[in-house]
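Each structure below is given as structure tokens.
Two complexes are shown next, each including chain A; its partner changes from chain B in the first to chain C in the second.
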Partner chain A sequence: MSEAVASCPHRFRAPGAGLVEVAVLVGALAVLWFAPDFAGDYWLQLGFRTFIFIALAQGWNLMAGSAGLVSLGTSCFVGLGAYVTFGLLNRLSLPLPLALLICAIAGGALAALVSPALFRLRGLYFTVGTLALAELLRLLMVIVSAFGGASGIFLQEDPPALPVLFRYALVVALIASLAMTLCARTRISVILRAVRDDEDAAAQMGVRPYRVKLGAFVLASALAAMAGGIQAVKLGAIEPYGMFGLQWSIDVLSMVIIGGVGMRLGPVVGALFAVALGEMLADYPELHIAITGAILIVLIRFAPHGVVGLGAKLPLTRRMPA
Partner chain B sequence: MTTMDAQPLLQAHGLVKRYGGLVAIDHVDIELRAGTITGVIGPNGAGKSTLIGLIGGAVVPSAGSITLVGRDVSRLPASERARAGIGRTYQIPRPFLDMSVEENLEVAQYSIAPFIRAAAARDEREALLARTGLADVAGLTARALPLLRRKRLEVARALALKPRVVLLDEVGAGLVDSEITELIRLIHSILDAGTAILIVEHVIRVVRECCSRTMVLNFGKPLIEGPTADILGNDQVAAVYLGTGGTRETQAAGALAPATDRAIHVGAAEAETKVLAPLIAPAPAEAASAPALQLAGICAGYGQARVLQGVDLTAQSGHAIAILGANGAGKTTLARTISGVIPPTAGALLIDGQDVSGRPPHQIAALGVAHCMEGRRIFSTLSVQENLLISARGTDAPTARSRLEAVYDLFPILAERRNHGGTSMSGGQQQMLAIGRALMARPKLVIFDEISLGLAPIVMDKLYDALALLKRARMTLIVIEQDVDRALALADHAYVLEHGMIALSGTPRQIADDPRLRHVYIGAAEDAATGFRKS
Partner chain C sequence: MLDVSTISSTIVSGVLLGGILALTALGLSIVLGVMRLVNLAHGDFLVVGAYAGLFFLQFTGIDPLLGVPAVAVFVGLLALPVYRLLLAPLANRGAEAQMMTMFAVSIILENAFVLAFSADTRSIARDYATVPLTLGPVTFPLIYLIGFVISVSLILAVHWLVSATAFGRDLRASAVDAEAAATLGVDVKRVQMLTFALGAACAGVGGTLIGAAFQFSPSSGAAYLLNSLAVVVLGGLGSVIGTLVGGIALGTLQSIGGLALGDGYRDLVGMAVFLLVLAFRPDGFLARGRT
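On to the complex of A and B.
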């Protein structure tokens, strides 16, 4: 794979740009890894939330921006991750990293399992299909008493301390970002863009659009399940209405739209923006929702490529196309 | 000729494609042998592009089989056929617009060989780009390329698949002579002992200089197949291009007979025109002096492609004007220019003596011009009746109702189907709906663009009977038509377009008798044919 990263010379981007991006990401990881030594709990809380959102938004951006799949099913995989993690920790007492890995596999597997039905539905119908899937899973958790029913499940062991959780979230966000770098900087990128731009013409070039879309869906779902698992461990108790709540899907969707759909930095900028806005307006929850709505409307109307797209238009900050 | 005994690379047997009631491809058998180039020609709507789609995998066959080197590929999706070695181009290029030319090729390269060495892939791309004359634009986005370069990119992309079978869909359309020469050289260079090429083409020169064998498609059926020289010299083939049914002689006689002979309700002309009254706007008082439509030196096109190069044309009020010409001559562009869909870049467009050049289509429509567009453009989500009513917007309910009744009188089948979906009907019924919809606006002048396209002769008769009625009711008709005989039988005056200019004009009889007409349609085929007979 390392050869693939390095070996994509291109007139639009300097050779090795992918390596630079990887280096920046790993550098950021190193700095943030030691953040618990000097930052207070408040900042670690914010960081944790931002990392979870970055992981979710990266996956969502891959689906919508690269494969044209607009999903409202984020909550479905977040919830799945939460329940799988609790099951593995409570019943089998597995170590957390292993539980999270199995979580990711479960998320990907569920995505692969439902894809034959969901991919039959194009455009808006795919979106509605993912929404229905989330509802389906939530009702399943409510009805089946083994899953704790409507009241949910408690984590039996004590959750790890905040600095540890912060680092887990950081690693998941890093994995998501590295995966996206790989998709954007290697030969996978042309295949993804081909499917997004003209699925039929891509098929005529030998590209299998179904597999490409499936790949994006599976990867995004695995990331969402992992993020859900960590989030659940931090909460210490989960119940169906919170973990499978539509709010997850809506938050992630609006983050990516605010940051810029299909833009490389869109999810990161969007997640930072959403967390910062949420903090500033923490005392006025109604105002928070209203302002987010207003920002969405203005951005969709005047800056369809989001904050990042807007920034790229300014002459001083002109950057390479995503 | 040397490979006649070899097993064909690709073999299609009994191919059928139906779209609802329309049969686009009707039991076609075709064999592509390694080392040969096969041509497919035929008039618009004959099913040529559908055939390419069927072989390439974009279109799912209703029946029949396709085998590639002994392997049945009929049920494989397009992506798998591309991987199996079938490369195709699109008639209207479909590059990935926001990718560079090189990246467009990478899509094909990396999809068939994801782990190809970067240097090898680059060398391959460079060779391909040099061969297709795109080396100097390798780094540009496809969006920046003009149409002709995009066509070359189509070919380069197909070749990046290293295909064994190459399907070229109208790659020569819109090219000038020198470019055609280059294209022919390129096509010959693609061909090697292990490759077969299928060319669908209207530029007869490409077919003549490339294809060893040629098939003529008409109404989705193979009409005739054989060595190219024989096919291009064949009278039956000429008839397919020039008109439907009957020999040239009887049709020429028909052209002189009054249109009433062919009308449905002979002898009730008075009553008919009364029935049509709600649909036909009275000609203005000054109509006697100013022609209903006048074009002076009209130039128009799309972006860099200049299609019309100074067209002069006059249509007197109440006359029927036929506009003829081969594919790509600019007929549809002319229609679109008259109705204001594309603004002329030079020249003047006058309606009833009033200069309307550059006005938007809705303003021109308000002056009483209706455009029955090529391809019918029926709103598929609306019923038949809703499709009709949409162009009577702005009128009161009783007026709309009376127009509706008049359309239903003209085409009773539409009344029967009034609550059906607009596109659920057969091709002929849809065309009636398109005509009816144009009439619902109560126009003075109607442009009919290729209304007989892809229809059976008996349906064409019905449509042309309706047009004859409209003409007798003193409506001005502009009839754009592939079917020369039918158009000339109706018209008072005819124009023949070639390369965006009027090549011939005159009375139907003058045009029908002019030997240059045949030349305009099938190029220098006759010369080749005579040459062939001599040898």
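On to the complex of A and C.
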């Protein structure tokens, strides 16, 4: 897939494009902030889920699309975030924003801690290593009774109301998107692309591939942990099979592939698609995942840039090459 | 509680189970070696084999262990269209495209199992499976020994196939350098397809054996995959005999871990071993003697 992404046309870069993007994101925040005043609970639920997915998918897209790291370990950081948040809220009664901040730090720290093992061999081993890590943590949570064992733990205080949670998720998604803007519109994007396309050549040019990959992995993991924390607070009760379940990793991977790996709008489009498909097939969870799998196979084969890539090929939206 | 008999029985059981683990890992290993593909659906091929053995028994009444060749052929044949239709067209698109396609196959299979056969945990119930075999101080279920013998025979057969036949020569050539092999007249696509089928057949037989010795469910695939990967990194990539040694090592470690810490820790040991080997000895502990 990395070859395919490498051939992606370079976008025209206006000097102020980054600022425009930030303005759009902040504008979206301002509008959506007031959504709870008019939208019903159903739409707030969907919005909440979309924001969580966007936060996860942005990080995954940064890793896979920009640094060539295909992770199956999203659930590991989502679960970590959930357990850390519950620990901080239950034991120390910290305020939620502070707990989420610590969560992000914990997610990043775990990523940094395991990176020597995961980055040891290139490419494929990162993927299976993250998968093993997620399973390892899940089994640990099931076995160790201090973490609640298989039955999990409850949140002792009352969770915030849905509109409040909606805004938290919105802010987390915004932070994720702003971070991606920062990565894409600054020098970092060039470094990331150099490492993804040819690690050895990049190293020759003075880029340190290890640091670049580590940065992407730490950032994505911090975002996933925050998303996991806020998701856990919404649930009010967590258990290892749900929070560390492979489903998180499947969801994120399929969102980004469906949206378009390495495409800036890919995660957002993918998240909206995933939420919509999930709603349509809400009564048939197994069928939902099987259909997602079939969509993945078709898109990987025929549309490596996902839905966004297909959209960009339409004559009306095609940009002139710079 | 921890007397000589318990400990020696645990170790012997671990070694025997390790043989089965090695067979399943071998399927993953040869595909990785020849196609540079981590087959993320490998664990689900195992589950296919387990269901195949179960239904073979139910519909024909023939003992699944006698039906092992039929299971191998069945799962191997199923793998052919997967290669032809899904993997071959992605041959020039880098490793991730094929790997993610197999991941998609994996989630489709797992959920298809649930839809078709329900999420129940099953096992291939045979009388002899639970018969304890006692040799001096050592006691273990007979099925472990049967599984070990079948697995090791198959592993040795694959070793012979890889090291002593014309197909094996093509396979080894493709694994070292596919482009060069193609230049020299090796039909790399065909070699890859047959290797993929062979890998799936190994998984299928391993699945039947595991289904007879333990239980399985539609979601067992991920744990099987990770155990196989742990064996592959322990034994070193691409080495048939290394895989056998790696399997026995992991089986023993898992059994000792299960005895010392509790049965829930068995899979945990596998994953911990996998990550530790990746961290400290990424070429495996038996990196020499590649085939």
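Operating definition for what follows: the second predicted complex is superposed on the first by the 303 of 322 C-alpha atoms of A that agree within 3 Å, B and C clash if a C-alpha of one lies under 4 Å from a C-alpha of the other, contacts with A are read in each partner's own complex, and residues count from 1 in each chain.
One rule holds for everything that comes next: a contact is a pair of C-beta atoms (placed from the backbone, for glycine too) under 8 Å apart; a residue touches a chain by one contact, two chains touch by 3 or more.
Fair warning: this is a prediction, and the values are worked out from it, not measured in the lab.
Contact with chain C, but none with chain B, is seen for A:297 once the two complexes are overlaid on the shared chain. In the superposed model, A:128 makes contact with chain C only, not with chain B. When both complexes are overlaid on chain A, the residue A:205 reaches chain B alone and has no touch with chain C.
Once the two complexes are overlaid on the shared chain, A:225 sits clear of chain B and of chain C alike. Of the two partner chains, chain C is the only one touched by A:257; chain B is not. In the superposition on chain A, A:182 makes contact with neither chain B nor chain C. More residues of chain A are in touch with C than with the other of chain B and chain C. Chain A residues in contact with chain B (one complex) as well as with chain C (other complex) are 4.
Across the complex, chain C meets chain A through its residues 32, 36, 38, 40, 86, 89-90, 92-97, 99-101, 103-108, 110-112, 114-115, 222-223, 225-226, 229-230, 262, 264-265, 267-268, 271-272, 274-276, 278-279, 282.
Looking at the complex, you find that chain B touches chain A at residues 56-58, 77-80, 82-83, 88, 90, 94-100, 102-103, 106-108, 110-112, 114-115, 117-118, 122, 138-139, 157, 160-161.
Of all residues in chain A, only 1-4, 64, 68, 70, 72, 114, 116-118, 120-121, 123-125, 127-129, 131-133, 135-136, 139-140, 142-143, 246, 250, 253, 257, 286-287, 289-290, 292-294, 296-297, 300-301, 304 touch chain C in the complex they form. Within the complex formed with chain B, the chain A residues making contact are 4, 7-12, 187, 190-191, 193-194, 197-198, 200-209.
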